[in-house]
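Working notes, structure below.
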Amino acid sequence: MTTMSRARVLALGAALALTAAMPGSAQERVKLINVVELSGAGATAGTQWRNGIDLAVADINARGGILGRQIDIVHYDTQTNPGNTRAAVQRAIDEGTYSVLGPVFSGPIGASMQIAQRAEIAQIVGGEAAGLTRQGNQFLFRTSLSQAAAMPKLATYLKDTVKASRIAVVWVNNDFGKGGRDAMLPELQRRGIQVALDVSTEQGQADFTADAIRIRNANVDAVFVYLNEDESARFLLAARQQNVNKPMIGETTLLGARVIQLAGEAANGARGHVGLSIDAPVPAFQDFGRRYQARFNIASDHNGLKGYMAVHMIKWATERMGRFDRKGVADTLRGATITPQMEPGILITTKIEANGDLDRESFLAEVENGQQVIKATLPMINP
Amino acid sequence: MSETAASPVPAKASGLAGGLLGRLDGVLLTLVAGAVILWFLPVGMGRYGTYVLTLWLVTAIAVMGLNLTLGIAGLKSLAQGAFMGIGAYITAILGTKLGIDWYTCFALSGLACFALGLVLGFPALRVKAHYLAFVTLAFSTLVWLVLRNEQWLTGGTFGISNIARPTLFGLRTDGALAFHRFVVVVTLILALALWWLVRSPWGRAFLALRENPIRAASLGIDIRAYTLLAFAIGSAYGGFAGALYAPLVEFIDPTPFALSASFMLLLMVVAGGSGYQLGPFLGALLAVALPEWLRFTGGLYLIVFGIVVLLLLIVCPTGILGLLDRGWTALKARFGASDGSRP
Amino acid sequence: MAELVAYIVAGLATGAIYALAAIGFTLVWQTSQTINFAQGEYVMLPAILILAAVAFLGLPVWAAAILGAALFVVVFGLGFKLAVVDPMIRHGVLPLAIATMALAIIMKESAKDFFSSEAQTFPSPFPAGAVDVLGVSLSLQHIAIIAVAFVAIGALQWFVTATRTGRQMQATAQNPGVALILGIPVARMVMLTFAINAGLAVLASVLISPIYLAKFSNGDVIGLFAFIAAIVGGFNQVRGALAGGLIVGVVDSLAAAYISSSYRLAVPLVLLVVIILVKPEGLFGRREERRV
């Protein structure tokens, strides 16, 4: 440590001590509580979401906070259990959180969304299940496309680009996978694509050999894979091992950087639709991906991006109002369109529908030589 | 009652046999006084604190049932979480889909679990000891699979939301405090029922059964009927707890009733003090309230929780009340009490 | 028919993994009559320790493997025996079984919080390459697992029946009291069993992780299947673990192929219940005399 920097640290310390001693300085901060799956089945997704939030808070605080107030962030684990989630959201509200961040899994969201609604506090969640925004809750907001919005894009891709007429669907039997499958099947049917094989797999499943053999033996043109990242990688490895030479089509959870890192060569050829991806041809995404990697020593998946943008949604709404108003956050977000010019931390133009759903551009991508390559950009559904 | 060295639970058994009779009224007093304290405790505590207290009591009901099965009748069940789930789902489905009032749902939940306990108990009688644990383990996972897969009935992974809270004499219990007090009353009634049961001739037969099944048989106790009954009643308490859990959280999905939940409930029985009437309350406090309280330690709170439980079990394998009992006996022996006949 | 054979071969390959993990259940059962509910975590953790040694200490993989294995055997083999089993075993088997549940929480949460919540690739000790066996492509890794499972169980069988130490170990398992009177160093024998258990867990971990990736939550699935395998095969026989593992692997594979896949997990469990009802000591288990 040089003399110069030591002096700076001392000065900083003195400044901090001074600030702490000043009356009313507690009001100069804003408290945000994140309630998310940090243990249990959702721990992988929840940790990414938490990291994204931590990065956002560090960025915002470094640039002077929200309306001059520094953010104090607190993370509460839900153990991926609805009862605990409800307790934690209740605690967050009792402790005066400005907005509720999280959770990511739909079950825990379902258990806690009424609490935030009754308290009239905005809750920014990472869930993708279609049903969440169909309950008339005015305080619930997503951070990604709902499955109901993403699946038509994938079904069209299967029909027009892959030209598949018989496919196998492999899904993870949790709220994420089941929700995706249930949203996908009617879209496939509408386009005349037949589901010849419907394979349910378990969350945390380790061995996919039997599933891979089953798909290899089935007479299908393509495989729609809707699993969480780690299971996607295991599935791709098993499928490659068993010589399943069929196009693997999926979402962000099949094409993401994490899956490519884990599955290695077996990920090549996987393709499909990507919503939030650090590989998307958006400089802000790529920059986020690099800084996330540098800070957490791991590649961000879509949940990291979601957490990052969740905090910035609150920041944008507050600055837009020009004051701190809990209920106002929800009112301001509803129906808003936020562009990166208005708030750089939003990264990509995002339209918030009246029911809390989001609309954004998204991408068609393919994994080539261990890299996610974007093939086309899909426009917003209702720009 | 003399202890043989071969008994697997010497400390616990002598504590019960020797101490319980003298302390029965102490248990009763503690239950009633505890209920009065818990009635007023959450005033000014905030909704979060109240919710955790209520969750503790609801969990304690399930643990009480398992304590009867394990601590009193000596059967190891890994299905209490599943019974809780069955109760919660019966209450949620009948309440939200058919509009049946909570009291009927509550009774049906207990009854269904009682009946299932009888059915599941038959293998328990054929294959004793650890094998019941295996059968109930399979049962737990099967129940979880049904809850998750039969979406038309249970809502599958998306669960059931908007579960109504009961009304009492026309008073709604929607508020946190009102529902907490409702649960205090139900818990007290269920705890008193068990207290009476253990004290009754039935209960003594249960105790005899655990201490020495073969001797109990030779004394004319019908092992089969009593074991079955203990398991079924214990399971019914799981159903009762579930019937309260559903309106407490107002939302259920299969996760809280997975196999790990049954493990945790078993942990609560042993950590609290298996066989002690008040043990379930301490065990549930440890598992429900301690992790919440440990949140101040930050992200590592579950590790701290695991270490606390591990150390607790190493220091006192008979649970918290086992330790207190041992301390109490030692004290009495030192100060010349008449029953200081411990080895 | 060819299809059926393929599923069976795939099931046998997976079953060998369960068998390797299940041996630990039978070993701990034989010496302490208890169930180690942390057995799945025992198979999960060594790989994480090795990866952590590579990441934090910058060691080459072989050195990290030696360090990780040694550390694991000392802490979770010998340390577990001294710190957890010894003080608790006098109080019956249930508190000890519960203590292993707490241990499982600690191991799992530590792997997640101190290392990573994400799956990690794990280097394979065997060269890449695959062999086609009756319609199933088996990697050399898989074949190694099958071989190691058989060799390990064979060696253990040989050890307990043909060597002096092994016979002492078995005598200890059957009746510690009598063994003590006969002058067998009972404490050392029990210690040896726990060390062997930890060593086998390291072996299983190193073999499985390249295929399944190393992740903190792997213990859940592997533990459950190994547990079912041990019950099906017979808890009190080492070779029961092998048979049980292979049977469960095949049953699971066939269930995935021919039965509604959302109920796939139910099939091995139903098998378990049937076996308990028909032959409670397991297919290859020894009937235990009833202890009053």
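Letters A, B and C name the chains as they come in the text, with residue numbers starting at 1 for each one.
Everything below uses one rule, namely that a residue touches a chain if its C-beta (ideal position, glycine included) is under 8 Å from a C-beta of that chain, and two chains touch if they have at least 3 such contacts.
Predicted, not measured: the structure shown is a model, and the values here were computed from it.
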Just to be sure I understand: going only through chains that touch, what's the smallest number of steps from subunit A to subunit C? 1
Of the pairs A-B and B-C, which shows more C-beta pairs in contact? B-C
From the C-alpha centre of subunit A to that of subunit C, how far is it in Å? 36
Distance from the mean Cα position of subunit B to that of subunit A, given in whole angstrom: 38
Whole-angstrom distance, CA centroid of subunit B to CA centroid of subunit C, is 31
Residues of subunit C that touch at least two other chains are 109, 262, 265
Expected list for subunit A, residues touching two or more other chains, is 38-39, 41, 173
Using the touch rule from the top of the page, what residues of subunit B touch 2 or more other chains? 148-149, 299, 302
Could you please specify the touching residues of subunit C with respect to subunit B in the complex? 35, 37, 83-84, 87-88, 90-96, 98-99, 101-103, 105-106, 109-110, 113, 224, 227, 231, 235, 262-263, 265-266, 269-270, 272-273, 276-277, 280, 291-292
Report the residues of subunit C in contact with subunit A in the complex, numbered from low to high. 3, 6-7, 10-11, 13-14, 17, 109, 112, 116-121, 130, 135-137, 139, 208, 211-213, 215-218, 220-222, 252-253, 256-257, 260-262, 264-265
For subunit B, which residues are in contact with subunit C within the complex? 6, 8-9, 11, 70, 76, 123, 126-127, 130-131, 133-135, 137-139, 141-142, 145, 148-149, 212, 214, 259, 263-264, 266-267, 270-271, 274, 299-300, 302-303, 305-307, 309-310, 313-314, 317-319
Where on subunit B does subunit A make contact in their complex? 46-49, 51-52, 55, 148-149, 151, 156-159, 161-162, 245, 248-253, 255-256, 292, 295, 299, 301-302
Counting only contacts in the complex, subunit A reaches subunit C at residues 38-39, 41, 43-44, 46-47, 173, 198-202, 204-207, 209-211, 213-214, 217, 229-230, 233-234, 237, 241-243, 258, 261-262, 264, 298
